[in-house]
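First chain A sits with chain B, and in the next complex the same chain sits with chain C.
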Partner chain A sequence: MDELPLYSERPEWVDVVPIPQYQDVDALAPINYSEEYQDATDYFRGIVKTEEMSPRVLQLTEHIIRLNPAHYSAWQYRYRTLIALESSLEDELRLMDAFAIEFLKTYQVWHHRRLLLTALRSVDAAAAELAFIARALEADTKNYHTWSYRQWLLAHFNDEDLLWSGERAWTENLLERDVRNNSAWHHRFFFVWGSGVRKGDEDREEILRRELTFTKEKIALAPNNPSAWNYLRGVLGHTGTPYASLSPFVKPYTATSVEKIDVVDLDNPVPSEGAELPCVMALEFLADTFEQEGGSQIPKAVETWKLLANEFDTMRKKYWEYRIKEALQASEP
Partner chain B sequence: MNHKEALDREEVIDFVMSCWDEDAGAFGAHPDHDAHIHSTLSAIQILIMQDALDRLDVPRVVDFILSLQQESGVFSGDSFGEIDTRFLYCAVNALSLLGQLDKLDVEKTVGYIRKCRNFDGGFGACIGAESHAAMVWVCTAALAILDRLDEIDHETLGWWLAERQLPSGGLNGRPEKLEDVCYSHWVLSSLSILNKLTWIDAEKVTAFILSAQDLEHGGIADRPGDQPDVFHTQFGVAGLSLLGYPGLNDLDPVYCMPASLIERMGLKKGWQALPRRTN
Partner chain C sequence: MTSSEVKQTYARSQRPTPVDGYPTSTSTLQTATENILLKQLLDSSRIPGDASPPSTTGPVLQRNQHLQFLLRNLLQGFPQRYVSQDASQPWLLFWTLQGFSVLGVGLDDKIKKRARETLLALQHPDGGFAGGPGQFSHLLPTYAAVCSLAIVGQPGQSGAWDAIDRRKMYDFFMSLKQPDGSFLVSHDAEVDVRGIYCLLAVATLLNILTPELLAGLPEFIVSCQTYEGGFGNASFPEWDFQEENDEVTRVPSAPRPVLGEAHGGYTFCAFASWVLLQPYIRSYYTPAGSANTNPTIDYRALLRWLANMQGTAIELGGFKGRTNKLVDGCYSWWVGGCFGLVEGLLGIHAAPPASTGVNENSASTTADTSAGGASDDGWHDADDALLNRRALQEYILYAGQHPAGGLRDKPPKPADSYHTLYCLAGLSAAQHRVTPDETRRAQLLERWNAGEARQWDVSGLQNLITDQQARADALRKDVFASTLSWLEDEGADEYIGGSGNRVNATQPLFNLTVTHTELMMAHFYGQKLPPRQAKTPPKSK
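Right, the complex of A and B next:
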């Protein structure tokens, strides 16, 4: 494959005065740039100085961001050029699609898309973007910026039918494939509880029941999953529901072995076969339940915390001892 | 590590000043790079540590920093517009170091952090974002500087942070993710600010950090067996200092700078590290 000539060698760039980076500077920690990168950025500095905004600038900035996806100045200048030239932002999005998958972990890739979507002001573009984000997450299921970008998109365009309505099914599918994806659980909390009421979800009692059923099911499937238990606590806290209402569900998870049952209780799914018991998070939850109930239940909370401190979660021994001390102090007359 | 003279003072100062962006009135990451709030904070921190703050055009830098605050209270990193609580922390830290916190709209700033608090007690990079140890640290440290730690549910957040410790002894940044030495800084600094460093197993995390060293070439990596880099070396050493590792100087977990320096500047907050061991 032929190597492309440097910009300094291309006749169509001869009118630009390249500006080298280290003018009169003895760099303490000089970056070992490749000749290709140095040449390209020399010409970038050149066109920035003359404030040129032309199709060849789009070519040049694309070249630079391919070499260095974190070059925020190149991204910024590219965006401004696109707007100045009234270029098709949709075409730019498609060009960036392949790019993003390759450079997923770079903030600027997502920020650029956000600028494009904001400028496009199109719910249809946003819907297509949700599909793109879903594809990007296939490659990196917990990418922080990608998830954050998805949330921004949903809230910014705020369209129930075209955007919000598909979230639950899509997130559930992700959790089906990996029930331990904390980002997916967090996202569920976001669109169920943290971003207004979804269309069709107006009966909040029903929603609470639905979410508890869902979470219990997932805990039964994989009990030692912090995300599910955090979600459970989040839902109870958000709705002001006492922990004690879940005691029948939680108790089997604090046992040392799975109890064989004859009648399936759909409201209280038991730990799946092969689950590691007792489940530490269940013990923590149980202790918090006793503490919440207070009074005569405090000694039971203390007992449970002692189990955690001395046997089941010794890493956080000092934390459990702190809980014991606080509870005993609080219960003193 | 008590080897401040390892880098030549004049060279360091000259390099920092060469990163000054005259148009913006702040610092970029490298000569001729556009100004950014992160590199501006780094420049201020370095100049202070080299006792060369007089080289700084303080009013211009303050203007630059304040110009980055948005209506919502968050800060962008540069004129490009990317927003993140990390940039909010950089702004608060920088203004504090320059003694210019009175120029900041504190209520607006705290208000944004409050909105980033999630159902698990943690904080994310922006409103609605997942709790992440690095964001927990920037939000906690920013609140500490602003004397607004009352915005935090100390017990719930302390527990969430303690839960970052995995059976290997190492710390992760979010549930069900891998342990990484850099979280030794963010998690331990946060716990230190909340005075709850005892809530994790210090011995085990110390052992984890030390096992991530490259004993042949030096430096610390993100986890045992990987290649070391400056980033993980800094955060590994920072974590070890907070854990009381012998022979290290005290680190201020709010500013991520030498504790003695911050104390001399009258900026020390009420955090607590583990006692320094002698062997």
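Right, the complex of A and C next:
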């Protein structure tokens, strides 16, 4: 962009009285602004004071946002001006496409889109957003605001055929590229368990089987992946499934090395050849299984926690000791 | 264990995070970071190749460099790249001022006066504080400004405390309230638990908590807990709370899904909110067993998630903010500091079991809250914190300190104002234990002056019928006593590298010192504080 003259030098802004930031205050911890930024924000304070809402306000707020996308007041004032002027929200959305990629990490970029989509009330626009978000996540696969926005969008427009139906395949593709992407795992939980029942997913027992099969395969691929184990726990907790039902699967992951198994059990995939065993998360799962079973299994849980505390997960020694104390107290007659 | 066994265990635990022969972009980044951290450690005081635990001398907190860094920011200001913080000016002040507090350095009156004037210039005519003069009010800068004023303000003329327009602030808060109980962070802005925390912290400090302000908030917080145990940034309200023609219809069977995965910053904010809500839950929810059940969170899942955020030895025991993400110095506070809140609320360190100050109905369904005291099982230890306090201090001191002063995310990143405070606050959380003290609580309740406290009401509740007024009074009293019962357990402190590295204890609900919290709350609740007595030291082995 060519250097534009300062607002204070432009005749078309001569009617606005710029307001300096601090008056009669010798501010502590000041920011050393560029002249360009200081000038623009002086004029912003000026138009806020007179409550002007005009096309040049859109120009000014865009300018400030480009210099500092975290300037939430500029965003708010821009949104109100857009609505007041009945500006094209589609055009605004296209401008935002460029912004979002450039300023991926700011809250406001994504919230502004949300305001626009809410005002547009179009499922087709929402479907286009899903594609846009997918592109944005290419650049930053774990961007918190982007994921949060996608989840809001799905829930707000809530259209099975145009929105929800593609989520599983899309997320699986992301997990295929990086099975450790926790944001993708969380998203899977969101649309499979957190947000009602998807079309075709009405048989919940079947869905439970499907999810367990999927998760077990992913654990087999890279056993020391906390995202997959957390998802597994999430599914079991959500459906009230006892941990013990997973014991045949979990056992080989608690061994000290990969065991050669002659009979292939498709329901219980074994650790990959490169697996580094024992897997701490499998040991933890085993201990929690014993604890759930209670009674005479408690000492086994305690033994497993001691292994974690003293050998395999010493960083969390205090935590494992707490678990032991807690289990022993709970099992007292 | 013998010392050679300890050494062996330590060496083993410094192994890289397993990649299972299946590298992905997450594991590749993780491995690269581990190499950087390991190199950092070896370049520090240790002999290369010697993986033994740190020697008695250990790492040193570069106190003077950090003070110079803070002083430079305060007086000379921030370089141009901080323009990204132009809408967070009270945060720049808070990070700096509280940084001095944690380092135990008081400020002279001239600086305090300038700080007060700077902060008051951020108060919006319609209530609340903005990120900068002429900007709009927002919950986050409101927290940062009020906490900064707790440090530099005082009662009386030009002390700035009485210049906070509490009535308008209350109206500002109410104008942000949503049908599901949550709050927007600002007009036309988003809902998220950071804003909820900031609002609750400020309303607690300034004595403007009311039942109408808090309605629905406990359920909102509950809805933000994820399957992983930590909290996400908000939940989706529209299926549960449908707004038509200004009427809100509730469909309680509808799902209320959390948006965003479990995250350290949101988890701190959500859980600190939960602690601040306990007096309200105690007074305004009916006992379990009746139709109106108490909102509950899953404490066990939360503790598990918090514990799993601590990196292994090769990550120097720093904290990460999400599963399968990298350690970062700022989570020393957001996650490390959250341990203190959970341990305090559950009474995990309380010498005798029970009597924890937690709402027993809400806690007992998900966790055995009296798990604290028993010491006869051979597992009791003077340091029964659930995080690895020593390792966290190592991360901050080895990796968090920038050689030129200030603290940071991790090497080789530059220091910044935000990381400087949250590393220092995390160091404080790792060194000290601050928990609710029942004796103090009883003392504060006994000295309570309801009439004085009611004078500060801003909600019009003093005009209500007696029954409601009595409940509001009881809430105010419980809030005051519960909040100020958090005191340091003298004797439970622990320092890596010697007591020369000691920083001040931090009140974990606000990230202020206990003294600043007390002074501000005593003022806004119209109470005279009885002197503090040293807390009973915790049982040792």
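Here is the rule we go by: the second predicted complex is superposed on the first by the 331 of 333 C-alpha atoms of A that agree within 3 Å, B and C clash if a C-alpha of one lies under 4 Å from a C-alpha of the other, contacts with A are read in each partner's own complex, and residues count from 1 in each chain.
Convention: contacts are C-beta pairs under 8 Å (C-beta built on N, C-alpha and C of every residue); 3 or more make two chains touch, one makes a residue touch a chain.
Note that this is a predicted model, so its numbers are computed, not measured.
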item	value
Simultaneous placement of chain C and chain B on chain A, clash or fit	clash
Which superposed partner A:72 touches (first chain B, second chain C, both, neither)	both
First, second, both or neither for A:316, with chain B first and chain C second	both
Which superposed partner A:268 touches (first chain B, second chain C, both, neither)	neither
Broader residue contact with chain A after superposition on the shared chain, chain B or chain C	C
Chain B versus chain C as contact partner of A:190, first or second or both or neither	both
Contacts of A:324 with chain B and chain C, given as first, second, both or neither	second
Contacts on chain A seen with chain B and repeated with chain C across the two complexes	19, 21-22, 25-29, 31, 45, 72-73, 76, 107, 111, 115, 142, 144, 147-148, 151-152, 155, 180-183, 186, 189-190, 193-195, 225-227, 230, 233-234, 237-238, 314-319, 322
Parts of chain B lying in touch with chain A, wherever the complex brings them together	7, 11-12, 14-15, 18, 30-34, 36, 77-82, 118-120, 124-126, 128-132, 158-159, 162-163, 165, 167, 174-177, 196, 198-201, 204
Chain A-touching residues of chain C, taken from the complex the two chains share	1, 9-10, 12-13, 17-22, 24-27, 73-75, 77-80, 82-89, 92-93, 96, 111, 114-115, 117-118, 121, 130-136, 138, 186-190, 226-228, 232-234, 236, 238-239, 254-255, 257-263, 301, 303-304, 307-308, 310-313, 317, 322-325, 348, 368, 371, 374, 377, 379-381, 383-388, 391
Parts of chain A lying in touch with chain B, wherever the complex brings them together	19, 21-23, 25-29, 31, 45, 72-73, 75-76, 107-108, 111, 115, 142, 144, 147-148, 151-152, 155, 180-183, 186-187, 189-190, 193-195, 225-227, 230, 233-234, 237-238, 314-319, 322
Chain C partner contacts - residues on chain A that touch it in the complex	19, 21-22, 25-34, 37, 41, 44-45, 48-49, 67-73, 76-77, 79-80, 107, 111, 114-115, 141-142, 144, 147-148, 151-152, 155-156, 177-183, 185-186, 189-190, 193-196, 221-227, 230-231, 233-235, 237-238, 271-276, 279, 310-311, 313-319, 321-322, 324-326, 328-330
